[in-house]
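Next, two complexes with chain A in common: one pairs it with chain B, the other with chain C.
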Partner chain A sequence: MELRKTTVYQAVEAVLEGEVTAHQVIGKTIKNCSVLNEGLNIFTSIAGIDALEQAEAIDRKIQNGEKPPLAGIPVAVKDDLCYGVLPTSLGSAAFNEFMSPVTATVVERLMDAGAVVIGKTNLDDMGQGSTTLSSPTGPTVNPWQAERAAGSAGAAAVATGICMLAVESDSGGALRQGASHCGVVGLRPTTGRISRYGLNAHCSSFARVGVTAFSSENISGILDLVSGFDERDAATAVCRGGISEIIKNPGSEDMTIGYPVTAFDHLEPDLREIFEQVRDQLGSRGYRTKEIDLGLLREGLQAYYVLALAEASSNHARFDGIRFGKGRETDSLEEMYRQSRSEILGKEARRRSIFGTFLLSKGNYDRYYRQALKIWKLVRQHFEAAFNECDLLMLPVAKNLPRPLKEESSYLDQWSDDLFCAPVSLSGMPSLCVPAGQIDQFPIGMQLVGPPFSEKTLLAVGSTSGPRDMGEGPLSQ
Partner chain B sequence: MKYEVVIGLEVHVELLTECKLFCSCPNRFASEPNVNTCPVCLGFPGAMPQMSREALQQALTASVALNCEVALYSYFDRKNYFYPDMPKGYQISQYYIPLGSKGFLEIEDNHGSLKKVGIGRVHMEEDAGKLVHEAGGGTAGRSSMVDYNRAGVPLIEIVTEPDLRSSEEARRYLEKLKSIMQYAGVSDCKMEEGSLRCDANVSLRMPGDQAFGVKTELKNMNSFRAVEKSLDHEIKRQAEILDSGEKVATQTLRWNEDKQETIVMRGKLEADGYRCFADSELAPIELTAEEVEQALQKLPEMAEERAQRFVEEYGLPEYDAGVLTASRCMADYFESCLNLYNKPKEVSNWVMGAFSAHLKNAGLEADQAFFSPEDMAELLKMIDEQVISGKIAKKVLDKVFESGKKPRQVVEEEGLLQISDQSELEAIVDQVIAENPDTVESYRGGKSKALGHMVGQVMKATRGKANPQLVNELLVKKIDG
Partner chain C sequence: MDHIADGLEKAIKAIKIGVSSTEQEQLHRELDQFLDWLEPMLEVDPGDLEGLLFSHDAVNVLREDSPRKSGLAELQEAAPNFAGGFYLVPKIME
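== the complex of A and B ==
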């Protein structure tokens, strides 16, 4: 069974029908994973005997007549999501052996459904970034082109066929950029849809837990299993009485897809051409497409960074060296903080903490933070207004091709890569990244953004749009 | 003094909830460090806070009990600063919108008339842990340990307007606040145990001035008396500075109880130095007007109402009612006794008298004494049944407080059973008559006091165990023949 060419549904059927055992699937996956990880640096830790034991337990359940809905499905979990069985590094060198007492709700729900965690995936410094370039263990290599970064390691785990699903965080766009750069499908859900309990968020206002898979169908198949109210994440209260989905029939004429023209003006012509083609394809499939206005992308990006840096300075204040990190004896408390925090936070995380502290300090709160809050509100209103004009809208994901591994780039350049993703984060609306085309060997993704709880519509449209087969896939060369 | 004193108080009160504010750890004292902790209150990555509805309910009750306007929409902010007892590096508090505002409570002012003290805000926040500094040994003073049992315990902060005009008013305000919080059932307000903490701001100005003088902040007072004393101390210090033509400096001072003086603390952050911003992990706090109204309706009886009821329902003198309702646990104790032994005035005498004296001696509150309402009822019944005399009963109470034993056990073990056996007493009475011929004579001569003297002799001979009424009867019968 080749995972990349199988749907989750087919894979589960095969296990439930006894064509293959969960133990066999997981055993093969772990072997595969160790081999591929050598060159790609996807995983910070890989499950061993624990995963095999879990698989055996699932096989026993099946023998007893149970039908776990995700029986034997191998899953990758980004390493800012706590999972009590493997170390949770959070993207910090000091946490490489940290065993969290917490297991994230999303991981618990997947495991309850019979999925097996194969490993924890690489991430930027304290989870802050959309490239993996600032990871303390080095970047994850893009499976399509070994000279460039993957964007997100979970996307690489799916693109290479190691795992069928990856659960990942997305604040400013890490999950979506990864999906775009690796040619897979990634969903950033509506605020409150998927519990964030167990996620070490650097920015709680915008951090969401999403899912990456090889196809929209695979995400559709598991979305309900991971969605819904969780008393441990206050934001999920919107799902307390069930989720009121916005479901529209894809391909029908009453579905209008908005095309924010000015957004695409930020792109180089060859990239823009891909999106114009997709727009035309959608039109020929029966969708109505409509040019709409969507301003404030640049302002939204700036506001996102003001808010995200401010929150990071607070969210990461807990890493003070008292409960985590190496114990150390120093002459003063301040010296202990200095040494511990230098050890726990890398260069990017320190930069963000310092910026954030500055942005919230006396005088600057009004000058920057309060202004950013206003822009946040305006961006939300802009998106809401856009959905008066259309049912869904399409946006680019990345402004550029994935970052080269060897080329130094300034942090401001890297931050501005989130131009199309960060404003969507501010809107709180769901975004599905699907493959839109290819430039040379590089996959290019696009975002389909919809109003709150329109995920099922996005996934339905996503499954019919864009090139469905990306050829033989990565690593075929 | 020629200056007008201006005082404002900031009081932190621990709520009496089952659980901590943002996790399900018990809100309970534990002698072993770090047992009442979990990933949430230890600030572990990934663990998210959930607000306790119970704490919100109590904070709401406190707000309405203090006549506050309640915000139907408020939220939690983060107050960011590093300190080892703060597990997350920030305290979750309400900075921008407090739950309650514009409230007041009434106290007697310096001239004995009622005065409203404005309450600027009542807001919810979490408590920090405690630092334990290593004492003794070669490394004394070099290492400290952190106990997070208290981290995340729900607090409300109650801030007055600068309405208090003397240290005495400040003390009266605290007493009144304590009574309201206790009667509302939201806190036990035991300052010695830290469930009520008070900081004071004080400044002086010339009477009639509109502007306030430069204020200093006083911290670390651990009793109402210490608040009063430290304020007196600080008022005197400021007056001397002003008298000499100097200016008072903005400072935070720490009260040293042993030396009865203040010490300047290291500069503290200004409120806007805490980089406060909204906490986005918690949902906003939304209340309906009905919920606020309900909290107001459900507000338990306060001290004055209860005293009034004691007078009307139990026929107690106003004085008794006032003393018994001074603290809620005393009033509760009294009524519990009454449920078991329905003679209000008798119970009142005993509760206000011997029982209160013992509590005061031991530094206990009524609910902490091991002399339960059941014990009190038992004791009073023994007097009624003439098992012991009232005088012996006081001794029994002493013994109970000393030993922790039950009243009946004390009576039996100490041989304090009252002697009501006539033949036994007759022998003693005869002896007393025989030994005191002069007294017998003066009694016969019409001096009724003399009889009392002889009763005393009998009581002495029986070490107080004789039934005084019976002794009286026997003496009269024998002498008058």
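== the complex of A and C ==
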């Protein structure tokens, strides 16, 4: 069974019908992980005997007449999500042996449904970034072009066919940028849809847990299994009485897709041309497309960074060598803090913590932080106004091709890559990244953004938009 | 010392991270750049708009604020020792 060419539904059917056992699927997957990880640096840890034992337990359940809805489906989990069986490094060398006492709700729900975690995926320094370039174990290589970054390791795992699903965090756009750069599909859900319990969020206001897969159909197949109220994440209270889904029939002529022209002005002509082609294709498939205004993208990006850095400076306070991290033996408590924190936080996390503290300090709070809170509200109002004119929005994901591994780029250049993703994070709206086309061998993704809880509409439209054929995949190059 | 250098030094001290003088100089340059980068955001006039504080609209569900009998008298009666408005407990410190 070749995972990249199989849907979750087909794979589960094959396991339930006895064509292949869960043990065989997971055994082969783990072997592939080890081989591909040497060149691509996707995983921080790979499951072994535990995953095989889980697969055997699923096979026994099937023999006893049970039908787990995700029987034997291999899943990769980003390493800022806790999973009690494998180390949770959080993107810090100081935690590479840390075994979390808890498992994230999203992981628990997937496992309850029969999925098997096959490894933890690489991430930036304390999960802060959209490239993996600041990872303490080095960047994840893009499977389409070995000289560039993947964006996210979960997307690389899915693109190579190592696993069928990846669960990943997305604050300013890591999941979406990874999906775009690796030619796969990534969903950042509405605030509160998927529990964040067990996620080490550097900015609590914008961190979400999303799903990456090879197709929209595969995400549709698991969305209900991972969604819903969780008493351990207050944001999911909006789902306590059930989820009020906004479902529209894709392709119906009364569906309007908004095209914010000024957003596409930020792109180079060859990139812009791809999105114009997609817009025209959507029109030929029965959708109405409409040019709309969507302002404050640049200011939204800047406000995101003010708020994200301020929250990071607070969230990182617990990494002090006492509550989290190995405390160093020193002559004074202050020195113990300094040494322990310097060991835990890498260059990017230090920069963000220091800048965030600066922004919150006397004299800067009103000028920067309070202004950013207002921009946050304005951006949300802009998106709400847009959805008075259209049902969904299409936006680019990335301004550029993936970052070259050997080319130095400034931190501000990297932060600026989130131009189209960070404002969507501020809006709180769900976003689906789907492949839109290719430039040379590089996949280019686009975001479909909808009003709260319109994920099923996004997935339905996502399954009918963009190129249907990405060739034989990255490893055929 | 300029405003940014002063603020940077205080921030480094507040978050208790060891930073070399070379790194601090680099951070100063980067912070300068970052604050310049933020200028367009500062130019937006949001009027008297109140900023957002939470990423979701969920609110606490509170019971109606109506006076009820406190039951304080029963608690006082049930306490082993109550005097002068205080619940008396065994002395544990010399």
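As a convention for this text, the second predicted complex is superposed on the first by the 475 of 477 C-alpha atoms of A that agree within 3 Å, B and C clash if a C-alpha of one lies under 4 Å from a C-alpha of the other, contacts with A are read in each partner's own complex, and residues count from 1 in each chain.
Operating definition for what follows: a residue touches a chain if its C-beta (ideal position, glycine included) is under 8 Å from a C-beta of that chain, and two chains touch if they have at least 3 such contacts.
Worth saying up front: this structure is predicted, and the values here are computed from it rather than measured.
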Fit-or-clash call for chain B and chain C when the two complexes are aligned on chain A: clash
First (chain B), second (chain C), both or neither touched by A:Pro101: first
Touched partner set for A:Ala146, first chain B, second chain C, both or neither: neither
Partner chain(s) touched by A:Ala385 [first = chain B, second = chain C, both, neither]: neither
Partner chain in contact with A:Ala237 - chain B first, chain C second, else both or neither: both
Contacts of A:Arg298 with chain B and chain C, given as first, second, both or neither: second
Which of chain B and chain C A:Ala317 touches, first, second, both or neither: both
Which of chain B and chain C A:Leu345 touches, first, second, both or neither: second
First (chain B), second (chain C), both or neither touched by A:Tyr368: second
First, second, both or neither for A:Thr357, with chain B first and chain C second: both
Stretch of chain B, among 149-157, 221-229 or 293-301, that runs into chain C once the two complexes are superposed: 293-301
Chain A positions touched by chain B in one structure and by chain C in the second: 205, 234-235, 237, 313, 316-317, 320, 337, 357, 361
In the complex, chain A residues that touch chain B: 81-82, 88, 90, 100-102, 104, 196-201, 204-205, 231-235, 237, 310-311, 313-314, 316-320, 322-323, 329, 333, 337, 357, 360-362, 365, 369
Residues of chain C touching chain A in the complex: 3, 7-8, 10-12, 14-19, 27, 30-31, 33-34, 37-38, 40-42, 44, 46, 49-58
Contact footprint of chain A on chain B as seen in their complex: 39, 42-51, 78, 80, 82, 84, 87-90, 143, 146, 270, 272-273, 275-277, 279-283
Complex contact set, residues of chain A against chain C: 191-192, 205-206, 234-235, 237-238, 296, 298-299, 302-303, 305-306, 313, 316-317, 320, 334, 337-339, 341-342, 345, 350-351, 353-355, 357-358, 361, 363-364, 367-368, 370-378, 380, 410-412, 428
